[in-house]
Amino acid sequence: MKKPTTRWRGLVILAGVLIIAGLLLGACGSSSSGGGASPSAASSPKPGGTYNFPLTANPVSIAPVNAQESEGMQVAHQVFEGLVKYQMNDKGEMGAVPNIAESWDTTDSQTWTFHLKKGVMFQAPVSREVTAQDFVNGWNYVTDPKNQSYVSYILAPVEGSDDGGYQVDPKKGLTGVTAIDPYTLQVKLRYPFSEFYMTLGHTVASAWPVDYMKQVGAKAFGLKPIGTGPYMVESWKANQAVELVKNPSYWNKDAAGYVDNIHMPIIPESQTVWLEFQKGSLDYSVVPPGQVAAAEANPKVKSGEWSAKKWPNLAIYFIGMNMTDKTLGTNLDLRKAIAESTDATNVINIVNEGVSLPATGYIPEGIPGYRADQSPYKYNPEDAKTIIAGLGTIPTLNYWYNTDEGHQKIGEVLQAGWTAAGLDIKLSNFEWSTFLDKLSKGNQGSGSQMFRMGWIGDYPSMDNFLYPLFQSSQARTGSYTFYSNTQVDALLQQARSTVDAQQRYSLYAQAEKLILTDMPAVPLYYYRDFRVVNNRIGGFVFNPMGFVDMWTVWVK
Amino acid sequence: MSLLEVKGLKKHFPIKSGILKRTTGQVYAVDGVSFSVEKGETLGLVGESGCGKSTTGRAVLRLIAPTAGTIIFEGVDIMAASRAQMQTLRRDMQIIFQDPYASLNPRMRVRNIVGESLKIHNVGTEAERKKRVFELLEIVGLSTEHAERYPHEFSGGQRQRIGIARALALQPKLIICDEPVSALDVSIRAQVINLLEDLQDEFDLTYVFIAHDLSVVKHTSDRVAVMYLGKIVEISDSAVLYDRPQHPYTEALLSAVPIPDPHTERARRRIILEGDVPSPANPPKGCVFHPRCPRAQEDCTAAMPALVSTGGDAGERHEVACYFPARFKDGERSVAGEPFAGASPPASA
Amino acid sequence: MITYIVRRLFQLVIVLIGVTIITFLIMFAIPGDPARQLAGKNATPERIAAIRLQLGLNRSLPVQYVKFVGRLAHGDLGESYQLQKPVLQMIWENAPNTIQLALAAVLIELLGIPLGIYSALRQYTFWDTTLTTAALIIWGIPVFVLGLFMQWFFGLKLNLLPLIGAGDNVLWIIPANWNSFASLILPAVTLGLIEVAYISYMQRASMLEVIRSDYIRTARAKGLSERKVVTKHAFKNAVIPVMTIAGIDLGALMGGAILTETVFARPGIGLMIYQAIGARDLPVVAGGVLFATLVYVFANLFVDLGYAWVDPRIRLEG
Amino acid sequence: MAERDTSGSQVTQDLTISTVSELDLIEDKYSGRKPLGLWADTWRRLKRNHLAVVGMCIIIVFLAVGMTEEIASFTPKGYLAPYNPNAVNYALSPKGLGSPPSWSHPFGTDYLGRDVFSRVLVATRISMLVGVIAVAIALIIGLILGPISGYYGGWVDSVIMRTADVFFAFPYILFVLLIMTVLGPGLWNVFIAIGILGWATYARLNRGSVLSVKAMEYVEAARAQGASDLRIIFRHVLPNTMAPVYVAIAMGIGGAIVTEAALSFLGIGIQPPNASWGKMIADYLSYLAAGSWWMLTFPSVFLVITVFGFISFGNGLRDATDPKLKE
Amino acid sequence: MGERLLTVDGLSTHFFTYAGVVKAVNGVSFTLDRKETLGIVGESGSGKTVAALSLMRLIPDPPGKIVEGSLMLGDRDLRKLSDEEIRQVRGNDIAMIFQDPMTSLNPVLKIGNQIAEAIILHQDKGKGEAWKMAAELLDRVGIPDAEKRVNQYPFEFSGGMRQRAMIAMAISCNPDILIADEPTTALDVTIQAQIIDVIEEMQQAYESGVILITHDLGVVAEIADKVMVMYGGRTVEYGGIDEIFYNPHHPYTWGLLGSLPRLDQTEKTRLTPIKGQPPDLIALPSGCPFVGRCLYERPTCRNQWPALEIVGPEHGVNCWIPEDERREVRASLPHFQEYAK
């Protein structure tokens, strides 16, 4: 069957392979051109319409008991309110301002009295006024160990709780919290804590009807919880979407919200979110890695149809070092050299595409009391090289990160910098659970040495960026560095009980400086979140706690 | 003493079914076969496919484990032999297979195929073994240059010669020839038959010659056993059996074989049996042949007649398992209306 | 027949036990524990210990397994650690999307049958070579690359179809409205297209074998037209083995759904299990794997029954 | 893909008379030149299949590249590619988006300014290693258990085959994922995870062939000569059951390379700065939309071509060894 | 005899394989009359099946091709018919029974369907009627319970029954010519006797011409009227049944007859096999394919194919050995001593 016509066959095959493969893969190169719709002129807020806001994961929980990760808390933020809420002041600092509480007073920072507003109503179908007893019930519920709240640690300072935020004796309950009368709530702490009121903006401390929950059952309540906020949960379909509707009988007429519905589809891949946004079905989008510049240059951004902006976030990315490790723990020079050769600029410019800001300390800008340039070890690769050359042979060091494309790239840039300084670095990644497990066993020979870690503020206070991370009893689970310094511990304790704000800030700053000098963790950058929003929507604000106050947005 | 004596050999294959794959039935492949083979003689084993002749051959060599029965080879009970004893016994008992394509390992050179048993039994040195292989090849009519080739380079007849050389390697006493020529073309078939005959004379071999082709069996065998549905129905000296068959099945079988001679063939009376051979999983009650037997009577449905010696006309060894065998007296054939004295039907009939 | 089914179900139980044991063993060998995952990143060891106690994770592996099997016998798959929701309910919610996806993918795979037959009948022609080459290239494209390309091209560039999600499932596994049907297309094509290559290759081989068989020669000897020979005599014989493969693929696609569901953000069993692995949510992983296995085994069983139904030679004996 | 066990146990019965039709004879004997060795025979048929030949060339080229890089990895330089595959050069990656193909960097550079061509070349080594070693592991397990299962039958067979059933029923990617989670990331762990799950395919495949081969007369002949079980299995049975296994190996290597890519996409697998094609695809995927098409395109093309090569070669091999599929 | 049905003249069918040209059939001529049975005898590879398939133009193309010769069915040249016309011939004018009844029936179609199919195709009958006829045909070829059997599948039939069904299928359209290609090779001897009987009976009933292809000279002796002996794609000898068996002229025919063990032999004689191995079809000599195995070979034999020599009424042979020498040699062969008179 040797026909002459068979000769082209091999060629066809090869050409086919190349052409089809090329078509499939190369075709994706160009990006779509912009549509023609002109942006509507800015107008004043008006009610109605739907806001489309994607969630990037199925929330673990959207009820106060357990809302903990950003997605669940984002939803809860619209539905629940606490005694205080976080707001930025004129100086660009976050602070806690009264919300359900009208005011509070304390003399010793240990006993606190909160005066509640009248007329704060639970959403339908509960539709009754919120009283101090609701807080007592709610806090008791979340700190009761059998209710498996994993965020109750926020209430750990309250008397009757242990360090983990569980009641010491569930029979007695959370003894520190009592309702003096329907509008007065008294909280006794285990120790003086001047910034206690700031922690109470956290969802876990919100007002919610425990009696109603007991009526309908915890599960039903978990799917459709009732709060006091401007939006109510209409439905939550796991892995599909959360739907919110406007609360028609919201108590606070000043923040009643404009849009009727908030549609929150759950889309795990950022690439997909971004595509959906470009199609116009979302009003808000994250931008996948590598596409920030392209997004900023997008014609629709230029034309004003979309807005693209970097929003500061009260969060820090740092490189932890296991202080119990033989090589790292005892060698301050090495840690210093590592800090000096940590190439934050390229991490920010190359990997983060200029979105984040270089960190000069552990406390991000926007926290009251923030001080710039706290770290004594500036980027200085030449000096690092000299130090390392003087240290003799240093064994290969591990750098660990949890499995993620971005963390990997950061690791690659850091590795390049450290390698240039003369270190030998081995990158390894572990899936999140394993990662934490190994880090937490850093003092038991799990091999942990250097690793990436991040900290997102629970509440906007200096304390929150130092105490849980570096206080001796906390460092093993906070920063996973096993850092311990009695001087730092003393300073932090002193700061906690100091009522005067400026004095307190100065104590925290001293502690921060001390820690930085010991360098158990290299601060890499402060987060900023690059978000593109559709200007169909007005009033969008992305607050530094990572939340969007959706009651301020409106459809133009 | 016979070289080989088989008594009551049975091989039943279980039929498994049901949820737990329990045995729910049996295929009675070989069901109570007895015969003996004298040294130097050829016993032919004929029958149609499914009659159990090949199974019998393999069971005799314990290539498949018999279900029951005794096999005595040179006075040694093979059934009781241990693994090691069996190993030694295998030197004396060999087999030649039907399919010259399937019986040679396609991945081995002829040298290794023929010499394998020498190696297994540690016969001689490497050089001696090589010499022996060359010798064997020449004995079966191949040349030494064939030793390095692979089986697929040979034609069917040549392959069968290789198989024969392999069987001869350890100078066995008994060779089971399992349809050794049925896959070969007419002209080659004769070559192989002649070779087998020559070897028998030269090495004093004893054959059990299994075949479905009655002409070949007649040509090669001294005695012939006819099998039907796992049982021997008739066994006799070759000439006697072909000349004066007593069992109706043997008669039918013989008459069905066409003779390559138009005049003779067209003058013959043929007995055409009705229907097919029943399944060995469900053999008929009574005489296994009775549903197809032209002579069947009521008696035949009760029990399988035993294989008994009829003495024949001239005192030959002739055994038949039939209630109504043909009898020959002074060249006259008669089928008794009454049961033959040798095997009385059960009283209940 | 009944015995056969019963025996297969009996085997199924063995397979399920094996699968659950393996799942348990693996989940216990995995570093990191569910309690930590639940307790949050900075939980204290005491807190983690408390949660372990609550979840019953402090008990030994065999004890937990026996408890699991005991509950399973009552049709209870337990409750998700993370969502505190019955696993059965989670499966019930996620299964329609996955089953839809797998079934649709199988339907798309079946396109390989006409392609394979065409190739076989035109063996060594230009189109045979082209089709075979194209099929083999698609075979090698990783499913996520193909999926993202599909999203980009059909979802965004042409703006024809939804990029992600599953729409609303009103009628369980039937995509009853445009929304849920449209959102099925891209993932199903992505998942199915890669197997089209496989099916068409198998079909081609099967057809080539059948077309050379004796009974095809018999059919030709009867004077049948070539079309009739192919459609009446060859087709059924050639398609039966390929249908078997397609049926078994239904089960295999359950696994393939993980990647597709991730790319297309399609809430389904695959995505559910994937997320549960990350969360060390043992009951969900075990339940999900059990479900996927059940689908696989039942798909196999139905294929065998179907096989016996179309092919008279096969008798399903116990 | 799922393999199906089509072989059942057979009851040894009297062999029916074999019939070789004349046409078969012509096809068997004269579809080629004079009888050659089995391999030569297969090769003769294989080389008529253009797809398979192209596939084989692809395999040879990439295996050669992979091997060269493997050897080079032991040299002080550590690679043979034109540039150090891991050398970061921020100047070549303005805005972290890499730079497009140029004369000095024919495949462009990636987000860290690394030379994509060099990375693709060096990644060939890892991808080939994943394919070859993972399949080797699967093969070793499968080719021990398969013949044992098929040859001995009975409860041994039941245990092995039921275990294989469990492995088949377990969704594959999920299984690999779970094993990887247990083992943690790392090159060898990728080999092991992919390899350890592949055995069932080979075992089942081989068992089927063993069942048919052990009924062959030459196996009986060996037994008749007193050969031990081991000798029969390894000298007579196994060598004759390998043809379908070779095919499965070719396809399996292609499959393993794709599976590794999937693992990389899910974020587990090869550790940076090492790279396989799959890892590169997963890393570069997001840059496509940013317009840096070259990062994704080249490793993808390499991967697709290689998998194409293995599968078309495997398919061709199957056709060439399948007696029923002769042209 | 009866009317001439088929005249084959110089048929050559070659297979163009990668290894070279296989001359499977090389210049074969024969005729067939109504009610006549032609036996084509030869060993495997002799070209007998290919010759039969060529008649129906069923040679797989590629690689096979009828390269030469005329195949006259009555006054129609089968080689010149269009595809459509040759389909009309198949099954209708010429029908065929194949060697292996196990594989020659479609396993997934009911027996009735497979028989009725040809009836519907060629006889313009409705489906119901065709099935009824199918049942009658099954009954005719001796299958009990035919009414029930038509609704069964091939696997429910035993080998002998399948071959009966194949015969029923072949005679369903009352063909002029029935080709039986080794119809009994795969069957046991008692079943073989049944099948031969059926074929003979059907031939009588339908007055067909039968071409019986076999390697079994016994079967030929039983039913053939004339015999064609093939070797290496060539006809080496043809003639009436008695001529071939009692007056053979070709050394190959001698060899065949001499190598057969016979059931009716009374004393045990040694067989006289043909020496050597079957020929390699791809490297056939340009002369007689039997060279190398022939004991009476001469130099011409290798290079030149001998012309047909008529040695008796309807008896031809292709051999270079002079006729008297042939007679002499034959008389010396042990096998023919008893015919030597």
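Here are some notes:
Lettered A, B, C, D and E in written order, each chain numbered from 1.
Quick note on the criterion: a contact is a pair of C-beta atoms (placed from the backbone, for glycine too) under 8 Å apart; a residue touches a chain by one contact, two chains touch by 3 or more.
Just so it is clear, the model here is predicted, and its values are computed rather than measured.
Each step here moves to a touching chain, and the least such steps from chain C to chain E number 1.
Ranking all chains by how far their C-alpha centres lie from the centre of chain E, first place goes to A. Look at where the CA atoms of chain C average out and do the same for chain D: the two points lie 22 Å apart.
Spacing of chain A relative to chain C, judged by their CA centroids, is 37 angstrom.
Computed centre separation for the pair chain B/chain C is 54 angstrom, with centres defined by C-alpha atoms.
The mean-CA centres of chain A and chain B are about 87 angstrom from one another, to the nearest whole unit. Taken residue by residue, chain A touches two or more other chains at 1, 6, 9, 13, 17, 21, 24-25, 28, 271, 430-431, 434, whereas all remaining positions touch fewer. Counting partner chains per residue, chain D shows two or more touched chains at residues 16-17, 20, 48, 50-51, 181, 184, 282, 285, 288-289, 296, 300, 304-305, 308, 327.
Residues of chain E found to touch two or more other chains are 18, 44, 60, 63, 100.
Residues 48-49, 155, 157-158, 185-191, 193-194, 197, 212-216, 218-220, 239, 242-243, 252-266, 270, 272-273, 276-277 of chain B are the ones that touch chain E when the two sit in their complex. Chain contact summary for the complex, chain E toward chain C: residues 56, 58, 60, 83, 87-92, 95-96, 98, 100, 103-109, 114, 117-118, 121-122, 153, 155-156, 166, 169.
Of all residues in chain A, only 1, 6, 9, 12-13, 16-17, 20-21, 24-25, 27-28, 32, 58, 60-61, 68, 145-146, 148, 150-151, 153, 162-166, 218-219, 222, 237-240, 265-269, 271-272, 275-276, 278-279, 430-438, 440, 468, 474, 477-478 touch chain C in the complex they form. Against chain D, the residues of chain A that register as touching in their complex are 1, 6, 9-10, 13-14, 17-18, 21-22, 24-26, 28-31, 271, 274, 288-291, 293-294, 346, 349-351, 353, 403-405, 408-409, 411-413, 415-416, 426-431, 434. Residues 212-215, 217-226, 232-233, 236-237, 240, 310-313 of chain C are the ones touching chain E in the complex.
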